[in-house]
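Paired with chain B in one complex and with chain C in the other, chain A is shared by the two complexes that follow.
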Partner chain A sequence: MTLLLSALVGGWDSGWTMYPPLSLQGSVGYQFVFWSVFAIGLSSILGSLNLIATILLMRPKGMSMFRMPIFCWAVLATSIIQLTATQFIGIDFLLLSFERSLGMPIFNPMMVEGVNMGGEPLLHQHLFWFYSHPAVYVFVLPGLGIISELLPVFSRKPLFGYRWVALSSIAIALVGFLVWGHHMFTSGYQPYLRVAFMISTLLVAVPTGVKFFSWLGTMWGGRLTFPTPMLFTLGSISVFLIGGLSGPVLATTTTDLFLHDTYFVVGHFHATIFGGFVFPFFAAIYFWYPKITGRMYNEALGKWHFWLMTPAFWVMSIGQMSVGVMGMRRHIADYDAGLGIATGQLWITLAGFVIAFSILLMIYNLFSSAEVGRVAGANPWKSRSPEWQIASPVPDISYPAPIRVVGEPYDYGLLGSPNYVAVGAGDD
Partner chain B sequence: MSKSSSDKRHFIIVAVLVVVTTVVMGIVLNGVLELPVAASVQAHTVDWLFRVHMWLIAFLFALVSVFMVYSFVVFRRGKRQDEGEHFEGNTTLEILWTALPLVAVAVFAYIGVVTLNTVTSAPPDEMVIKVEGAQWLWNFTYPDGTLSTNELVVPVDQNLTMQMSSKDVIHDFWVPEWRVKEDVVPGLTTTVHYTTDKTGEFDMMCNQVCGLNHTLMIAKVKVVTQEEFATWQQAQLVKQDLQTASR
Partner chain C sequence: MAASTTPMKAAGHAGAHDDAHAPTETYAERLRLNRLGMWLFFISEAFLFGALLAARFYLWGDTRPDLDQVVGLIVTSVLLLSSASMYIADTAAEHGQWRVFSVAAWITMILGLVFLFGVMIFEWGLFPSIYKAHLTPWDSKYGAVVFAMTGMHAFHVITGIALIFIMWNLARKRRFTPERHWGVEASAIYWHYVDVVWIFFYPALYLIGSVVHLTGH
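Our next item is the complex of A and B:
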């Protein structure tokens, strides 16, 4: 609400990155953005504390760390980031507020006879990206967790290399703290920092690669079925692949000096966020919809949603990258006709509308199926996870007695393997 | 093909498909992603590395997508009623696909450092041009005192150093045809080096959001022959003298 109100009092004209001195010139709208970030930031710090405490201290009997559903590992990694990084955006915006309202010279330089006696504009960029780069992983890690969670169910096979997948989430979270400077390759900071941040950024590829290869291992030799949640999971992988593969060329400073702040970056970022967050989010919605409502969504409409959205997204992504390479700058609403990118832009726009339309289909599907969908039953996906062992929708009291974890979460295809959870099997 | 998933034939087919897909993707990527004309020596280094990266992308894309699509076809459930084969992982494989990317990272970091040094180091006998960014125009000052606004005229085959400062907010100096860009930051002097190797007219665009007219903060860049440059400089100086005299 505060964020929306900002638009009424002048908004903010520096884009979301708030680079001073530009952000110091703007209207009071900036102040509204700062307040909303303080509120959201506080809530995400408290939320992450809650999740970390729950995961570490409140697991049921028998659920060791490596017997948790893999999504919990992703949430743990995400929460560690939120708990430790969010303060930096808070401090940064507080300092911007001080400079804007009290005139403290923190970011705005003041040149006296060729010497800077004032503030330091690059300080903001360091503080901002120290939060905002890990923040991207706050989006992406849970999404990758959903991919790892859903693939075994629809492949009827155990998750390949569970421990490696679990630890790769933690590794991505930790490396994520060391790479903020790649947003500043052209910022004018000390040149040696370019080398350090190039190497740390390239390292992100290693744990991300582990995830990709483990997903392939999970599908290999499986019995794959393709209902809507699985389609979106596979769509996630394909789109996240585009996002991931366009990373190294940006991480390598030499090529980034050309590509920095162009639409190539916009394409890379959209593919990463859609593949790592939006597609898995839709997969999760369709997957857990029967658990939440007790009814199945409309499968035909779900498939229409997928088959409209995914190719449209590929077109949009590759279009953005190609106009970026031709010289389209980011953060601007209009472009020079001389760049020869009008056709590319038209394709991107059309694809954008197709994506929007496909999401309308989903919204209609979700609302109408809640009334008329076929009754789903407790476990339509034959999943081993605990939430599917109880009725749909989930009853007020989930289990009549405390549960114990007695098996592995993804033991598909092993004859005679025990169930994942047992209800009330003693309390030793 | 109801053979076990560890059957060698699967891997031979996949390997062949990966090679074919890599070649096709590499050619397509390098064909579709058209770079602007390269008009500086630095641009050639950047372009070379860009093309190498496109081949890396082609290979990794082929590796992941071929395995994936092959699984869709061969390991779909179809009419089978049984569950998937039960295997939980393979430590050798995990170590392998952690170590090999690490090696690749080391190689690309090395190439990155060497090429970065090539495109950012100061060439000899450079002409130092002072660049000042302001909302929303560019001012250029040449070594002999020639001044110019929103028009940067430079000779071809010349080493250039831009010595950049900003009057107000952060701007960015970017000529796509010269590839390398650098921010123009108040309170700092930043530099960027070019060696022009092609005549022509290009746009120098501000590439760091700087307020209302950011999009239009474009200076004309004219790369001309040494003789044309001398003529232009003379004319500018005469104009400047007239202006000073009339004050």
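Our next item is the complex of A and C:
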């Protein structure tokens, strides 16, 4: 609400990064954004605290940490980030507020007899990116968790390397705290920091690679079926691969100096966020839709959504990267016709409209299928997870008695493997 | 699916709001959760204060303002003493010695207020008739950081005192027993935590770096 109100009282013209001095001189709209960030930040801190405590202490009997659904590991890693890093943006925006209202010189320099007795604008960038880089992993980690969750179901095979996948989520979260400086390669900070941040940033590729190989290993030799959620899962892997491969190019200081603030960054970011968040989000919507509504979505429309969106996305994100390499800069609406990127821009725009249209298809699908879709039954995907062992939609009382975990979560296709959960088995 | 008729886990906890379907927790389970939640909150807060420390070291480096060392030593000692009295209060609650608890809680609150007024009078100069402080929040990065750090810490001291007062009042109404006094325990560890933060803030503000004498004022 305060974020929307901000637009009415002057908005914020610095973009979402709030770099001073612009954010110190702008309208009161900035203050509204700060308030909204405080409110959202508080709620995400408390929410992550709740999730961590729930995961650590409130698991059902028999569910050891390494028997949790893999999505819970992703949520745990995400919550660690939200619990801690969020405080940094809180302090950062609090100090910005103080400097705006009281004139406390934290970010604006103040020269007295040739000595700076005031603040440093770069301090904002450090505080801001210490939060905001881990924050993108808050998007991506649950998405990657959904990929790992869905692939075994549609491959009818155990998740390959469960423990490594679980720990790689934690590793991504922790390494994410060491890489904020790669947003600042061109900011003019001490040059030796560039090397450290380059190496730490390249390290992110290691746990991410673990996940990629686990996905390939899970599918390898499996009996794959391709309903819409599986298509979107595979789509996320393909798109996230584009984002992943363009990452080290930007992490390497020498190449980043040329590509900084170009459309190459825009293309990279779209590919990681669509591959790591938006595509898995759609996969999750289609996957859990029958559990939520009790009815099946329209499979044909779902496939149309996928086959329109995915190629269009490849065109858009690779197109953004290529016009970026040719000199298109971020944050500006027009460009020099002499750059020779007009055709590329046209393709990007058309692809963007195709993506938007495909999402309209999904929205129509979700609303109409809730009324007319065929009744899905309790477990249309033959999943082993506990939520599929009860009726769809989920009844008020999930289980008549506490459940007990007696098997492994992803033992698909293994003969003689016990069920994942049993209801009311044994005494506590 | 076959509905099992296994009865829910019998719990000895007769909560005020019994949900018919939620498995009720025992007090011990709830206590474990509460303790974990409290420590997660502290981890989160460590980053809040850590961000302020980061700002201090980024802006000041190896310099510091010319703060009154005697004042710093006294307020720090007062705060450390208050942790000792809070420990006595917490231990008394564990043993059901509610008179001792009450006295120790009041000593803690008074010491906390002494710390708070020490900061407000001598560091912030809120009462120039008593003491003229030379730092202001807006004249230099030194004043700005001192006020930001001590302000955030003082805010926590105030909430700590409020918590202890609430717990004292609840104890007066006999709401706690030696077995069940999570509120007392929580306010005690919160108070110790605020104390520990000051142990990091005190050297960062008063001890580390060479003194810069500010001109004017």
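FYI, the second predicted complex is superposed on the first by the 422 of 428 C-alpha atoms of A that agree within 3 Å, B and C clash if a C-alpha of one lies under 4 Å from a C-alpha of the other, contacts with A are read in each partner's own complex, and residues count from 1 in each chain.
By definition in this document, a contact is a pair of C-beta atoms (placed from the backbone, for glycine too) under 8 Å apart; a residue touches a chain by one contact, two chains touch by 3 or more.
Being a predicted model, the structure only gives us computed values, none of them experimental.
When both complexes are overlaid on chain A, the residue A:Ile40 reaches neither chain B nor chain C. Of the two partners chain B and chain C, it is B that touches the larger number of chain A residues.
In the superposition on chain A, A:Ile91 makes contact with chain C only, not with chain B. Of the two partner chains placed by the overlay, only chain B lies in contact with A:Gly161; chain C stays clear of it. Of the two partner chains placed by superposition, only chain C is touched by A:Leu56; chain B is not. When the shared chain is aligned, no partner comes close enough to touch A:Ile170: not chain B, not chain C. Using the contact criterion defined above for the overlaid structures, shared-chain residue A:Gly118 touches chain B and also reaches chain C. By the document's definition of touching, of the two partners only chain B reaches A:Ile332; chain C does not. Annotation: chain A residues 110, 116, 118-120 touch chain B in one complex and chain C in the other. Per the touch definition, chain A reaches chain B in the complex via residues 13-15, 17, 19-22, 25, 108-111, 116, 118-122, 155-164, 186-188, 191, 194-195, 198-199, 202-203, 205-206, 209-210, 212-214, 216-217, 219-226, 234, 237-238, 241, 245-246, 248-249, 252-255, 257-258, 260-262, 318, 321-322, 325-327, 329, 331-336, 338, 411-414. Across the complex, chain C meets chain A through its residues 1-9, 21, 23, 29, 32-33, 36-37, 40-41, 43-48, 50-52, 54-55, 58-59, 137-145, 147-148, 214-215. Within the complex formed with chain C, the chain A residues making contact are 45, 49, 52-53, 56-58, 83-88, 90-92, 94-95, 98-99, 102-106, 110, 112-113, 116-120, 123, 126-127, 130, 378, 389-391, 396-397, 400-402, 423-424, 428. For chain B in complex with chain A, the touching residues are 4-6, 32-36, 43, 45-46, 49-50, 53-54, 56-57, 60-61, 64-65, 67-68, 71-72, 75-77, 80, 82-90, 93-94, 97-98, 101-102, 104-105, 108-109, 111-113, 115-116, 118-120, 168-170, 172, 174, 176, 179-188, 190, 203, 205, 207-212, 214-215, 218.
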